[in-house]
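One chain, subunit A, links the two complexes that follow: it is found with subunit B in the first and with subunit C in the second.
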Partner chain A sequence: MIIDFIIFLLVLFAIYGIAGLALNLTLGWGGLINLGFMGFLSIGAYTSAILTTEYHLPVFVGIIAGMILAALISGFVGILIRTIRGDALAIILLGFNFTVYAIGLNWNSVTRGALGIPGIPRPEFFYDDRRFLFLVTILLLLTTLFLYRLTHSSFGRVLGAIRDEELHARVLGKRMFRVKMIVHIVSGALAGLAGALLAHFIRFIDPASFFIHQLVFVLSMIFVGGLASVPGTIIGAFILTLLPEMIRVFVNLPSDILGAIRGIIFSLLLLLVVMFRPKGILGTVELPSAYADRE
Partner chain B sequence: MDLILQLISNVLIPGLLFALIAAGFSLTYSVTRVLHLANGGVVIVAGYGFYTGYSLWHWPIWSASLLAIAIAILTGLFINAQIHERMREHGIVSAAGMLVATISVLLIIQNILLAIFGSAPKSFADLQGTVHEFGPVIFTDHEIRILVLIPILLIIFILLLKKTKTGKALRAVADHEQVAEVVGIASRKMRMLAFGISSFLAGIAGILFAIEYNLDPSMGIMITVRMIFRAILGGVGSIGGAILGSLSTETIVALTGYYWNVSWVDFSSFLLTFVVLLIRPNGILGKKKRIV
Partner chain C sequence: MLTVNKLRKSFGGLHAVDDVSFKIARGKITALIGPNGAGKTTLFNLISGTMKTDGGSIMLDADDITALSIEERSRRGLARSFQLSRPFRNLTVEDHLLLALERDDDLFWRNIFFKRETKTEKHKHLREVLDRVSLDAPLNKPAADLSYGQSKLLGIAMAMIHPHQLMLLDEPVAGVNPVVRETISHVLRKLREQGETVFVIEHDMEFIMPLADEVIVLDHGRMIAHGTPKEIQQDPDTLHAYLGAQL
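This part shows the complex of A and B:
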């Protein structure tokens, strides 16, 4: 009994670990306040869910299609926003998230609107939770390794330079747009992967699964764990997926109050971390000052 | 002609409500440089304050309204003093940090209200009053209240910023904080004042909004998101921009609802903002630093 529950939590941890790494790539290493992140997760999840339930394609085809579509849209958004900076950029990306939510809610013929998509299949070989855990663990390891290599390469150093001193990096002749596009596309693909895995694991998605509450959850993960840190992200994902379950085990409350309390705890945790320890547990950077680009 | 009049009446009510909310948001942004996303939370706090006074404690409308506005102002001042001023003292001024903090505050407010009052919508149908027909246009008593009260408030607000000494001091801090300090303006006080004024406006908007559209906790995020689309469309930091942005977005919303489908209004209003921002990155009336 309890072991099944632990496996369930570990799968969630691995999926959110991938999502956290994807968000940290844009927010921590890239310095882009990516408040539209849940939109990319949603695109991956919906693409894969629709392809496997409506068109009965194999699950792996669905997941890869979800990744590709999320990466393409992320790249397209990257092209559109290249002239916008600072606070307006964060708001636009938040608006993107909201737009994806609105489309999911209203494009009834494709997304089934607020009803959501039930009965999303698991991959055949990884049907039960233990095997699924095996699959997501491997994917989390691969993602971790990939991001570690990416951010510790010369590419990672250019990325850090652009985040901290955009003008200097430009003076040195670094190709900003290309670097930023790579970040957008990789982060979008990983977000699509996490979203599709979540859809196939929970086997049900609706637009509310990818909205601002979940954005705050993933944001808390990387702010608690640490910006621009691979181990920090993993630790953050671990703490944050276990925390709400702790509350559920120790306190017995009706479910709507529990949901509210869960929301309060995540938001409060995020607020306290941002106020008192902005680098998080293992973080290496603080984001550039809000005033720098205004003066 | 009838159709145009009906559309205008559909534009004015939500447009004025959002103009009031977005004007406060723009003021806080230009004076404190904080994107005060929790403003939508302050709006519903006022709504629930009114609900507590009017429906739970059976107070008269006026005292319930005063209670709601007082709670809204206290909430705004508390957010400023305990979070934004503290973050300034700690030297945490990263755009991401400020944004994430203010989103957290919004969600905390919304979830506290959810835990206390539950998710069922609260209605104030008895306060909407009787229906009046003006040719093709129909207004309730409450909508006439909105049409009269909000323009007066906005005019007083703009006059206060333009003509009074305090208004000049506010604009000075918005223009350049250090220089304002040098000439003897207490910028900390001005930041407090900006949060106080915007929460006052949000409080009034919250009461009017709750009576017109009912009240439930998830409205906090919705109001915030709609408020920022409208504010950045007009140009963040510009009061005229907030009004213009609200009215033009509501026009698009009304046209979308009429020619297409009501459920796509948020999508089309975001599209409008996005397209405008691609052409004018600072919004329609936005200049680098501008207030009024």
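This part shows the complex of A and C:
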């Protein structure tokens, strides 16, 4: 049924919308090139999946535990920002992604390694796709409102100042380390939420579900929609979630090349944005290369 | 107000600040002069905390601030403008002034969930500050779109509005046109009348000598003179090192 397929896509859009907002908080508003993002998504997904399948805890307990663990580890990784900056930090965070992937692949007794975790339950009341769509839509709305409030508050202004000119912000008395830590923790919690929701929706996860190519997908959403923009992120998530599926449905391509086509579409979109609209569709700041030049 | 005692900073074999000691009195304008490379901006960086000292101490009133972070020194009452004006490229004029004005805007829960901004009152206050430095720019203008001179004026306005005991101004008239130069001169005179304590680096002798109450002269990282403008203009070491016969 086409309507079921549309509902499936809309759920994915809502979940990736939350993920996009989480990444945009660190990248767009915070100016922190968070290449470890998929690691936090993975931690949220695995924590909730393990707690609900192995220990049979309620799904909402699993999701909240996933958020808390992802937030704590994100905060711990955020401690690095006190001493490490720029390219070195980006590479360390990228390494964090691979570390989480390797743990998922090799800690067989907990994660079941490459076999992945099947049969991840959904919340009782939100068992079917339509009800699950209702749940994720509410969560996306709450996340959107929270991010809007955060970025339009004086705290958001301080965050923008630290992103643009860290030293000057500190000379104005803004406690840079504290602000960056908070942003890391909040972004980690939201990434954990998105990861856990994905696990309970698809009902199966394996390490490949959160490999580095998925980071390109979420990054593309942000760059296309716009850095440091709440509506831009939502639009980016909508376009990037639906576009490849539309092509799959309306252009009859063999299934074995669909993945490659998806990658080509994302790359093309990114190139077009960088060339013709560096701020993205609704972005308010320029791409991070502008910051890298000044470090 | 500010007591600097035996302050030292070296970069390899270069002594950028070498055993410098002085006091800055409350309610006065003190100028810091010296040839290029004398160590003036390094001294400012040490006082504001953007560089760590190799030795010596810095006291703000009775408090030793030598080991404090940049943020903490700012919160104790040091306001600073930069030699190269550095606006936050994606923020507006209003954002800049509010960042300088507000003290606890970096607190998460309070600002996101419990604070209501009263924009009208604040806008009135911000406009007054802009008027005091004769900066005729809309509050919602992106700071990146300001001219160089306007950026300098915004930097001074930010230092003025920042809750402070002492203002550090780094070459406020460097590179600005005569109109802005005159405006800044007027602003400094007003600040002195109001009893503000200002420590200012300046190369432009014609500009700073009539304004300053005291002058400190640095050369090769060492303090070679400290006195009134009249005394400095007659000091043989200063004349030899920097001022020449023009004064």
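Convention: the second predicted complex is superposed on the first by the 283 of 295 C-alpha atoms of A that agree within 3 Å, B and C clash if a C-alpha of one lies under 4 Å from a C-alpha of the other, contacts with A are read in each partner's own complex, and residues count from 1 in each chain.
Keep this in mind: contacts are C-beta pairs under 8 Å (C-beta built on N, C-alpha and C of every residue); 3 or more make two chains touch, one makes a residue touch a chain.
On a predicted model such as this, the values are computed, not experimentally measured, just so you know.
S.K.: More residues of subunit A are touched by which partner: subunit B or subunit C?
M.R.: B
S.K.: Tell me the contact category for A:Thr284 with respect to subunit B and subunit C: first, second, both or neither.
M.R.: Second partner only.
S.K.: First (subunit B), second (subunit C), both or neither: which does A:Ser153 touch?
M.R.: Second partner only.
S.K.: Under the stated touch criterion, which partner chain does A:Met1 make contact with: subunit B (first), subunit C (second), both, or neither?
M.R.: The answer is neither, since A:Met1 touches no partner chain.
S.K.: Does subunit B (first) or subunit C (second) touch A:Met176, or do both, or does neither?
M.R.: In the superposition, A:Met176 touches subunit C alone.
S.K.: Figure out whether A:Ile103 sits in contact with subunit B (first) or subunit C (second), or with both, or with neither.
M.R.: A:Ile103 contacts subunit B only, not subunit C.
S.K.: For A:Met246, using the defined touch cut-off, is the partner it touches subunit B, subunit C, both, or neither? Pick first, second, both or neither.
M.R.: Touch partners of A:Met246: none, neither subunit B nor subunit C.
S.K.: What is the contact status of A:Leu80 with respect to subunit B (first) and subunit C (second): first, second, both, or neither?
M.R.: In the superposition, A:Leu80 contacts subunit B only.
S.K.: Could you list which residues of subunit A make contact with subunit B in one structure and with subunit C in the other?
M.R.: The answer is residues 286, 290 of subunit A.
S.K.: Hey, which residues of subunit C end up touching subunit A in the complex?
M.R.: The touching residues are 48, 50, 69-71, 74-75, 80, 82, 86-91, 95, 98-100, 102-103, 105-108, 111-113, 115, 117, 158, 162.
S.K.: Okay, in this complex, where on subunit A does subunit B touch?
M.R.: So the residues of subunit A touching subunit B come out as 27, 33, 35, 80, 83-88, 90-92, 94-95, 98-99, 102-103, 105-106, 212-213, 216, 219, 223, 256-257, 259-261, 263-264, 266-268, 270-271, 274-276, 278, 286-291, 294.
S.K.: Quick check on the complex: what are the subunit B residues that touch subunit A?
M.R.: It is residues 33, 35, 83, 86-87, 90, 92-101, 103-105, 107-108, 110-112, 114-115, 118-119, 221, 225, 228-229, 232, 236, 261, 263-264, 266-267, 270-271, 273-274, 277-278, 281-282, 288 of subunit B that touch subunit A.
S.K.: If you look only at subunit A, which of its residues touch subunit C in the complex?
M.R.: Those in contact with subunit C are residues 149-150, 153-155, 157-158, 160-161, 163-165, 167-176, 178-179, 182, 228, 284-286, 290.
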